[in-house]
Structures are given as C-alpha cells and as structure tokens.
Amino acid sequence: MIKVGIIGATGYAGAELVRLLLAHEEAEIVWYGSKSYIDQNYADIYRNMFRLVPDLCKGDDLNALAEEADVIFTATPQGYLLSVLTKELLSKAKFIDLSADYRIKDVAVYEKWYGIHHETPELLQEAVYGLCELRREEIKKTRLCANPGCFTTCSILTAYPLVKEGLIDPDTLIIDAKSGTSGAGRGAKQQNLFCEVNENIKAYGVATHRHTPEIEEQLSEAAGKKLALNFTPHLVPMNRGILATEYATLRKKADGTLPTREEIEAVYKRYYGNEPFIRLLKAGEMPETKWVEGSNYVDINFVIDERTGRIIMMGALDNLVKGAAGQAVQNMNLMFDLPEDMGLRLVPVFP
Amino acid sequence: MIKVGIIGATGYAGAELVRLLLAHEEAEIVWYGSKSYIDQNYADIYRNMFRLVPDLCKGDDLNALAEEADVIFTATPQGYLLSVLTKELLSKAKFIDLSADYRIKDVAVYEKWYGIHHETPELLQEAVYGLCELRREEIKKTRLCANPGCFTTCSILTAYPLVKEGLIDPDTLIIDAKSGTSGAGRGAKQQNLFCEVNENIKAYGVATHRHTPEIEEQLSEAAGKKLALNFTPHLVPMNRGILATEYATLRKKADGTLPTREEIEAVYKRYYGNEPFIRLLKAGEMPETKWVEGSNYVDINFVIDERTGRIIMMGALDNLVKGAAGQAVQNMNLMFDLPEDMGLRLVPVFP
Amino acid sequence: MIKVGIIGATGYAGAELVRLLLAHEEAEIVWYGSKSYIDQNYADIYRNMFRLVPDLCKGDDLNALAEEADVIFTATPQGYLLSVLTKELLSKAKFIDLSADYRIKDVAVYEKWYGIHHETPELLQEAVYGLCELRREEIKKTRLCANPGCFTTCSILTAYPLVKEGLIDPDTLIIDAKSGTSGAGRGAKQQNLFCEVNENIKAYGVATHRHTPEIEEQLSEAAGKKLALNFTPHLVPMNRGILATEYATLRKKADGTLPTREEIEAVYKRYYGNEPFIRLLKAGEMPETKWVEGSNYVDINFVIDERTGRIIMMGALDNLVKGAAGQAVQNMNLMFDLPEDMGLRLVPVFP
Amino acid sequence: MIKVGIIGATGYAGAELVRLLLAHEEAEIVWYGSKSYIDQNYADIYRNMFRLVPDLCKGDDLNALAEEADVIFTATPQGYLLSVLTKELLSKAKFIDLSADYRIKDVAVYEKWYGIHHETPELLQEAVYGLCELRREEIKKTRLCANPGCFTTCSILTAYPLVKEGLIDPDTLIIDAKSGTSGAGRGAKQQNLFCEVNENIKAYGVATHRHTPEIEEQLSEAAGKKLALNFTPHLVPMNRGILATEYATLRKKADGTLPTREEIEAVYKRYYGNEPFIRLLKAGEMPETKWVEGSNYVDINFVIDERTGRIIMMGALDNLVKGAAGQAVQNMNLMFDLPEDMGLRLVPVFP
C-alpha cells in the first residue's frame, strides 16, 4: 500500500482526492492536512465522508509527513510549496503538486503572472509537468510532479495534436473556456454565493487569467515556436465541468484545400486512440460536461468550418477529476508503476 | 459472473443500473432492453457510456432473455411486469422489479391507487418487498423482488424503528418529501423542461400520490395496525436526491415525560447501527441530499420538539441509487448470496 | 413625492426595495444606507442599478436621515433598530422595519428566541405588525411598522382564515416551508456558496427557527388561544421563492362530516376574495413559487384528505417581494394614504 | 390605445410580450393567438397571468385579427409568416415578426440556412431589420418589422461600432455565445429536460447555427464588405440571458501601435452614449447576464489584449427581453411614434 499524505485536504480538490483515494486499491491516506480545520474530524468538514473517514485533520508539517508518507499531494494555494519544498523532502517522499508552483519552467513568466517570487527555481528544473498523455515516460521517473490546472488540461489536450502536427496556425488560437463553480474553491467569497452565480454567466480574468502562460508554454513546445493565445474563462452556474471551445485557422494543404474531417480525425486518433481517458467523439457529437461528470475522461471533438477556414475544437472534462484529483492519481499511478487507470475506472454519473 | 438483463435500460433508473453494474465485480450485463431505442447503440442514448458499453439496445422479449440471464431487472412503467410475468419465467431467472407492480400485497389497494387491473395476483404473494434493511432474510430466498420506490425507501426507513417500537403515535405521521427531478423520468414532458423546473418548487400529487399506500402498508405492518398518513411530494430544482421530513407526536413515557434524544437514538442504533448503508447522523446535523449523492447511503436524524411534543425525523438518499438502482443491486447481492455491499461501496460525490 | 431613506440598502432585501421604489410614482430614495460600503457607488455594489442609481452609499446616521426622509426602511440585522430607535426619531419620520425587532409583542418571547435584550420595549407597544391583509386599518395609522418575515408572511396568510374561523384544530398545525437562497442574505458564508447549495436540499433551524414565535403569536391571536406549532424551513437551490406546505386536522362539522372543498373555499374567498395580492387558485392547481416570482402575489390553495381528516394548505410567494420589500412598500402605501398597490402592479416573471 | 394581437402568445417569447404589454400604458392586447391551446384560458397555460389575463386563446386567423388590431406580433416558427403574409394584411395592421422570416435580405441565403422556400420575397424588401439602435429612422416608417434574434441582437450590438469604424479586421471576428435555456422554447423535447440541461454545458449548431447569416449580413453592411465569421452558441443551465464573447484582431494605427482603451471607448460612446438601452460598463467590469435580467438593457464592455493584438468584446442581455419581446415593444414604440422606452423602463431583477 502506498502511504499518501494530502496537504490541503479540505479544499474541493483535496476532498476529491480523498474520494478517489478511498476507492484506490493500492493507496491509503495517512494524513489529512488542513490549515483551517486542524484537530477537527475530517468527516465534520465533508459530511459525505461520514463513517468513511474517521481521521482528524492535521496541519502541514511536511517534515513529519515526509517520514510517514510515500507520496504527498499538495492541493494548496499558489506560493505554498515553492516556499517550503526542499531536496531533502523530495528524497523522502514523492510530491504531486496541484498548485501552479512548479508548472511553468520559465521562472520569469511564473513570477510575472502570479506576482510571487519563486524561492526554489532549482527544483523547478526537476519538476515534470504532469499531463500524462503528453509526458508519460518522464512522469514515471520524477519525484516532483506539477499537476496541470483544470483549464489547462482541457485546453491543451483539445488542441495539442493539431498544434504539434502543424495543422493549425498556432498564432490564431483562441480558447473560450467555461467552468463550473467548484473551480473557484470553498473559500467564503461573496462572488461565489449561490445567488450571485446562479442564473448568471460572466467572463473573468479576461486576457489576464493565470492559466494562460501554462497553456502557452506547453503548446509552444508542441509548435516548436513561441506562441501567444487568447484564453477567456467563464463562470457557469453548475458545480463541476469544464468545456473549452477553441478556434484556430486551419493550414491549407499543398493543393490549397483544407484538410478533411477524416484527415484531422486520423491525427487525433494517432495521438489519443489508445489513451484510456480520452474519448474522441463521433462526428456530429459535441462534448458536454455532463457526460464526463465524476469521471477521469476528456471528451474531444471538432468541427471544420469551410466558410471561414477555421476549425472549432471542443473538449470537456470534470475539473475536479481529470482537471485536478483524477489526474493527480493518474500521475501517482505512473510514479509508482501501477496500472495507470487504477482507482480511476469511474463511470460518468448521469444525470 | 451473474448474467444480468435490464428491461427499461434507457430510463434514468435503468441507466443508473448500468452505471452500477459496470463496476460490479460479479455481474455482467447481457441485455440492454429498451422500448424506444431497439437496435440503437446504448452509448448513443447515454453518452456517458461511450467506450464503456458497446452493446445495441434490444427489445423486451422476456422469454429469450430469461434463457440468457440469471437475473432480470425491470425498470419499466407500472403495469408492464404484472401483465407478462409467469411462473415459467420465474423458474428460469430471478426478477427484480423497480416498478410498483409487486410492491403492494393488497391487490385492491394497488388497483385503486394505480388504476390498473392486476393480472397476476398469484405471483404477488411470492414477491418480497425489497427493502433490504427490513426483509434481508426473505429477500435472500425470493425469486421475485419488488424493489421499493424512491420516496418510500426514504420515508419508511426514516420512521420505521419508531413506529415499530411504538414510540410515536402512528396516526399522527405526516411525511413532507422533496425530490430531485430525475425521479420524473426521461420522458419529454413540458412540465419537466429545464425552464419549468428551474427556480421553482411545488407540491404535486397532494393526498393522491401513489407511493402513499406503499408506505402505509409497510408502516402498518410495523405498527401492528392499519394506519393512514399524509404524504406530500415536492419537486426540487436539482437532478438527484430525496429528503423526507416526517412529523409525528411522540408517545409519552409512563412518567408523563417525552422520551429523550438519547433514548430515541438508542432505538435507531439498535435497528440500524450495523446497517452498511444507513448513517445515523450526530445530534444537530441535518441530513442533506448532497452528502449522499451518487452513493447508496441513507442519512437519518431527528429533532425532538419539547414545545409541541412532536419529533421531526429526516432522511436523505439519492433517488437513483438507494432509491432505485443501488437498492436493486443490493437486493441482487442478497439474492445471489454475494456480499451485500458489492459494487455499492460508493463514496458520495461532493460537490 | 415621499422621501425615502433605506438603512441596509446593500442587502438583498434592501436592494429589492431599491428596485421597487425606483418604479414607484410617489417615492424618491434620498438615502442609500450601508454599513459596509459607505461612500461607494451604490451601482458598483448592485450593478443592475448601473445608470439607474447615481448615488453613493451613506452610513446609518438616523438623526440626519430622519430630517431628510419622510419614511425610513430598516433592512438591518436583528437588534439594530431596537437599540437606536427613539420617540424623537419617530416624531420626525415613519419607520418600516424589515427586521424582527418590533414584530413580537411579548418581549420575553423575543428575547428568548433571539437572544437579544430588547432596549425599547415601550416602542414595541406602538408598533403595528405589518401584515396588510390582516391589519390594514392599524397600519394606516402607525408610524412604526414591523414588516413581517418572509416565512411568516407566507405561513400566516396560508392558514389564517381557517384558524380564525376555527375550521382546523390549531394545535395540529405543522408548517413545512421551503425557501430560495436569497433569504440567507448576501454575507459571504461557506454554507451559502453556490457549490454547497446547488443540487442540495436540507432542513435547518429545526424546532428552533426564529420565525416560529412570530407565526405563533399571530395565529394565536386568530385562534383566540395560545398555540404552539411546528415550523421547519428548508433551503432550496433557487434564488427566490417561498413555499409553505401546512398540515392541520380539520374540525368535523356538527353532523360528523368534514367540511367540503366548497365550504373551505368560501371561507378563503370571504377573507381574501378582494385582496389585491392574494390569488386563490382553482381546485387542483398547486401554488408554485415560479408563478409569483418578481411580484407581490401570494398564491394559495389547499387539498382536503378525506382519508386522514387533514387539510393540506399551500402558499407561495417571492420572499424578496411579498416576503420583504414588496410588503414594505405596500405598508408604506397604506401609511401614506396612497393606493395600496402603487408601485406593486408587478407581473410575475416567467420563466 | 394601440390594439395588439399576438400570434404565438403561448411560447416563451409570446408570454414575455404579454408580460411587457400588460404594463404598457398605450397598448392593449386584443388577441392571444396560439396553435395548441385554442379556447383555453391563457392564464391556465401561463399561471403567472392568473387574475391578470382573463382571455381565452384564439387561433391564427390573421384576416380577422388584422381587422381588430393595429399591430400584430408574430412569435411563430420560421416559415409561418412568410407563407401567409400579404400586402392586404399589411395595409390593415403593422407587423412585428419575431421569427427569422423577414430578417435576411438575401433570399438565397435565407433559403439555404433555413431550408425553407421563401414565398413572399417581394415583402422582404419592404421589411426593416428591427435593431432599433442601428435603424431607428427606418423602423419608424415601416409596417413590417423583422425583429432580430436573441443571439444576433447581442452579437451585432457588441461588435458593430468597431466593425463600422474599421477598428477591427472583420475577417477575424469570432463570436462565442452562451444562452439560457428559454431560448430553446417551451416545446417538450428530451434534450431540454431539466436533468439534461442542469449541471451541463455544451456547444450546439457549431458552424451551422442559423443566426450566423443574420449577424453576417448586418455586420457586412457595417464593414462595407462581405464577411464570414464564426458563431458558436452554447446552452447554459439558466433560464434567461445571453452572453456573447467576441474576438477580433485590432487594426493597428498608422504609427504601428494598437488603439488604446480610451480610443475604443470613445467610439463606443459615440455610437451608444445616448442609447437608452445600452450600458457601456466601466473598465474592468465584465458584462454578466444576471445584471440585465428582466430588463431591456444590453451591457457591453471590452478588453484589449496587447500580447495578441486582439480585442475581446462582451455583451450581455436578457434573451426574452432585449433579445425578443422587449425589442419588439421598442420597435412598436418607434412604429407608433411613442416614447421609445415606454413600457420598457424595467429595472433588472437581482438576484
């Protein structure tokens, strides 16, 4: 059994980690870390866990935890892990960080977008960006996994094969994303009250959202050149789910025509055909967040618009599963040489 | 492996059966029966099942199915099974009926409330009412299990111990129940459109809802006398969940005082303390449907009102799991001598 | 033009007052009072008011305000007005208090349920409980109107004629109420976050909710004897609306039979037939909150259950309109001798 | 008083017309036309209208209606009005058509996107596209007003000044739109059931939605050249509201720099500064559908992304008001020489 510690177990992503790990055959949670609820019953904070989790919440003593745990998940605010992580801790336990602290290789970019001084840039270089479908082999070998953000997982996976294969002009890429409200966390903020979110939709962080550089860095690497894109998140009155609608201009073929649906499909299949958690939908079926809710799936599809020469790519996932805790477990499985889908064979819940 | 057939696999309850059985170690679905979608891909009807269910929908040829399957779940409209079930079919496969056809022992009562002539009253007598917590031993031995309704499961379990022990006056029992909209089914009806249900709450079937006699029959048996109660369901703008708020006058003790919280709690614990799917909450914690969503749990608690001498009992469950498919699987486990919680160790999904 | 001041203009009820008063032909808001947002643009706090309200928020200097305003609405927390109101203030401006401070005549009861020492009990005696349908003439003459709570307005109006006429046994009255989330206010509390309320229903304040004594005092007066009842509120995932489902045992007539629907209906019509804001629905139509949303209507109906001898009464209203701001405006109209429905001829918004 | 007839009064847009016209000082509804509910009480179909509308539903006898009414609103399916409208009818009553039948001047384009043969193309030429902010003077003079669609009103108004002034490259325009579910109508369709829409978001009509050519025709006229754009609608789990997020590449100024926020703002102000129903938000405030709900406002704002050289424009409106019935009333006001905002001074409802 892998001994697991969670720092930030009382946020929504942390609680989803608990949900998934409770059902994981090879994992055992030994530490429910929480800043706000130390010494309280975990099941009093998340009453769905009543009779399932008898443990009290503990604090964030990483040194003590690293002695006990084989792997530590940090579902913590930006700036936490980068200020406390050390090589010594890493020598004792593997880390899977759900914050952005080790996601962006370019320290200057991180510091600019997050407004946080990065105290451990040397560790950044050994961190592996934990998007399993793109970096499976590296993840298997790392001890510091930077688990991608919810918007970024969806945005990158949806466009990646076409960027990588040069089928779209990467400078035309526009990502219009829609998220359920659990992505905003469990903190008591007026803007996230039921009555403020319900019956409402809005964009936020327009041209400034911090997932932008993360998406850009990954897709730039795929494109083989630096790209800048537009990423606009929207808040949707639902608990879970992210839908990314992505627009890009298709590159014409040598004969001046656009690639066909079949050609594009073949590329997606080449990249994702064997992926356990990516479902390429049939022509005409648009991804819907409800169809993946509660599961680790990403549903992807696209439409070619002959009139404008653009492709509209769409991806849907559950922000707390494939967009956070599920992906973190998938990374843990890779890092501990377990079947990649262990604990993640979750059938989407409908309705 | 138990071979399972489902008639009515494309309703919400049928689809939930599919979700649960796909994750059941000892069950294998061999027949996805559907009236409306014969020969269509099941996963085209429920796209959460894409890549999980490759099967086509079949019809409702029970004779053919009974040859293939060890157990047949019928998640069908009232009046279906009672018109086609025979002893011969029952000799070939076990039946778990999610409709009301075999739930009410008193044929006259069934016929009055449902307005349907019961064609197979002789089978009714061998049917066992499948509320596992009350009739575990009988269920193990039956070949025809009448799976209780969603409202009834919640309503009965919440009040049962107190009725049985004579702690409340059964003639004062009033059940005010609230249900998510999946209980209304997937049929295209104007009244169930998003815009009609959203931002709205209403009572329906007031004094006439057909779950009333089912609750009455079970609780009358517990009370040892015939009782009539009020049951009022309400439609709540959410997908899943049933909350029953139940009111009754407490019987005073010999010394003229009301029973204490501890005394009532002790009774609940005696009945449910070892039940795998009933969680008796701590004093002061009210059941909430969200805390059991996606799981087979019923959360139960109560408050004594010294001022009025009444007790307010509350129970919450997921109408598609413990209120339908989960309970049906629990019954199947009992009927096939499997661990009762097999395939049902579901952690509630939050948020 | 009546000059209006609002203390607590930035809560949900205060904002609804603003919405209604902006459209009122004879009222002009001269003071947007707010504790948290002094000197900020009101329209920055409630952006629906952009270009409609150019004013800044002011504080709660009642002395200054009483010089300026003809009427002062206080949509403030319990305990505010009772600690600052004086006869001098009342001599300068009329007060309509949306808190509970002057609703309950029995100081001891107020202090027990609210845990607040009542500092101005002498003013309590001159306060009039502002349920227009019951106390129209008194309201016209008062200068201190205690505007009823949302749950109480709905609960009382639904049962009042039958209690008053002795048609039901008042000791059997049970009120199961359901409320939208705006009733919980705009304060940033975890329990009111979108993800905590959405897809969820729960009871709260069971046997202890502070609207109980208010309902009891009014209905006791109607019954001509002290009664105790059960009142159980539930939180529903919707913005607005209250539905009260009320149960009581019908008193039999001299001949031992239950009153008929026609007889009960006649009583309701006698009390409410000419009321501008009470709609008595036709037999078979259940009140739904959506049908009154945004308006000052209360929809009322009932069902007689011959089997149990009980009547189930139901009332629906918009908690922010008839349950708060609309009723307050209705009271203002009465107090200033304006047509009672001025500014309140609001057509319910659907969907 | 203007005598008004409504054909299609029992759809959501028709019902919203009723809501608005009931409060309109100069209009009186004389005909509630409905295909499905002839001879039924209108208030039985829309119970919010109980006691407000005593009328029965009538059919669609346009000849009889044209004798009675001064203006006829047709809130009917595509293809209805174009098949029945005649010059004679137009000589008797003015028409405001909420369908697409007379919106697109290019008959071939209409027929291609709608798959309907246009039987009265000669009338098309006298029809005026009823986007009041763009064609106020023409609307005043017409007797056939083609009321714009909900998506199109939002999409066009949001981008129009920048297209017209050549500030953006019109060939780069991408419109990602989000709509509440009332836009899908009141027809009983499985895909619009509560449980299918709730907790879900999806794109639909990708690259094929019929509002596309309408937007293109209007913006092409503004651009002075034919443009093709991408328009992608999404279904959001809320009743009302449309948010359009629009992306375009800014044209650089002669000095090679991008226009500044102030420069763009000045253009918007020049076009819309005096518009009664367009609110240009302050920098940093994003349009939210909730802030305009129930009102005739469009809230508009934009963000310049220096990194990509694009502008992100956003517009929000209530699809049933400014996106349908409100705009239709605004058109009626213009056509009958009434104050443009008569009956439309609606304060947005929040929450």
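Order as written gives the chain letters A, B, C and D; numbering starts at 1 within each chain.
Heads up, the rule we're going with is that contacts are C-beta pairs under 8 Å (C-beta built on N, C-alpha and C of every residue); 3 or more make two chains touch, one makes a residue touch a chain.
Keep in mind the model is a prediction, meaning the values are calculated, not measured.
Trainee: Of all the other chains, whose mean CA position lies farthest from chain C?
Mentor: Relative to chain C, the chain whose C-alpha centre sits farthest away is A.
Trainee: Could you tell me which pair, A-D or A-C, is linked by more C-beta pairs in contact?
Mentor: Answer by contact count: A-D.
Trainee: How big is the gap, in whole Å, between where the Cα atoms of chain A centre and where those of chain D centre?
Mentor: Between these chains, centre-to-centre, one finds 38 Å.
Trainee: Taking each chain's centre as its mean C-alpha position, how far apart are chain A and chain C in Å?
Mentor: One centre to the other, that is 46 Å.
Trainee: Among the residues of chain B, pick out those that touch two or more other chains and give their numbers.
Mentor: Residues 12, 182, 195-196, 198-199, 237-240, 288, 290, 293, 351.
Trainee: What part of chain C is in contact with chain D in the complex they form?
Mentor: For chain C paired with chain D, touching residues are 12, 15, 19, 22-23, 46-52, 182, 199, 239-240, 279, 281, 285, 288, 290-295, 299, 345, 347-351.
Trainee: Which positions of chain B touch chain D when the two form their complex?
Mentor: Interface residues on chain B, with respect to chain D: 12, 181-182, 186-190, 192-199, 237-239.
Trainee: Quick one: in the complex, what on chain B touches chain C?
Mentor: 174, 176, 178, 180, 195-196, 198-204, 206-207, 228-230, 232, 234, 236-241, 243, 245, 247, 286-290, 293, 303-305, 307-308, 310, 312, 314, 316, 351
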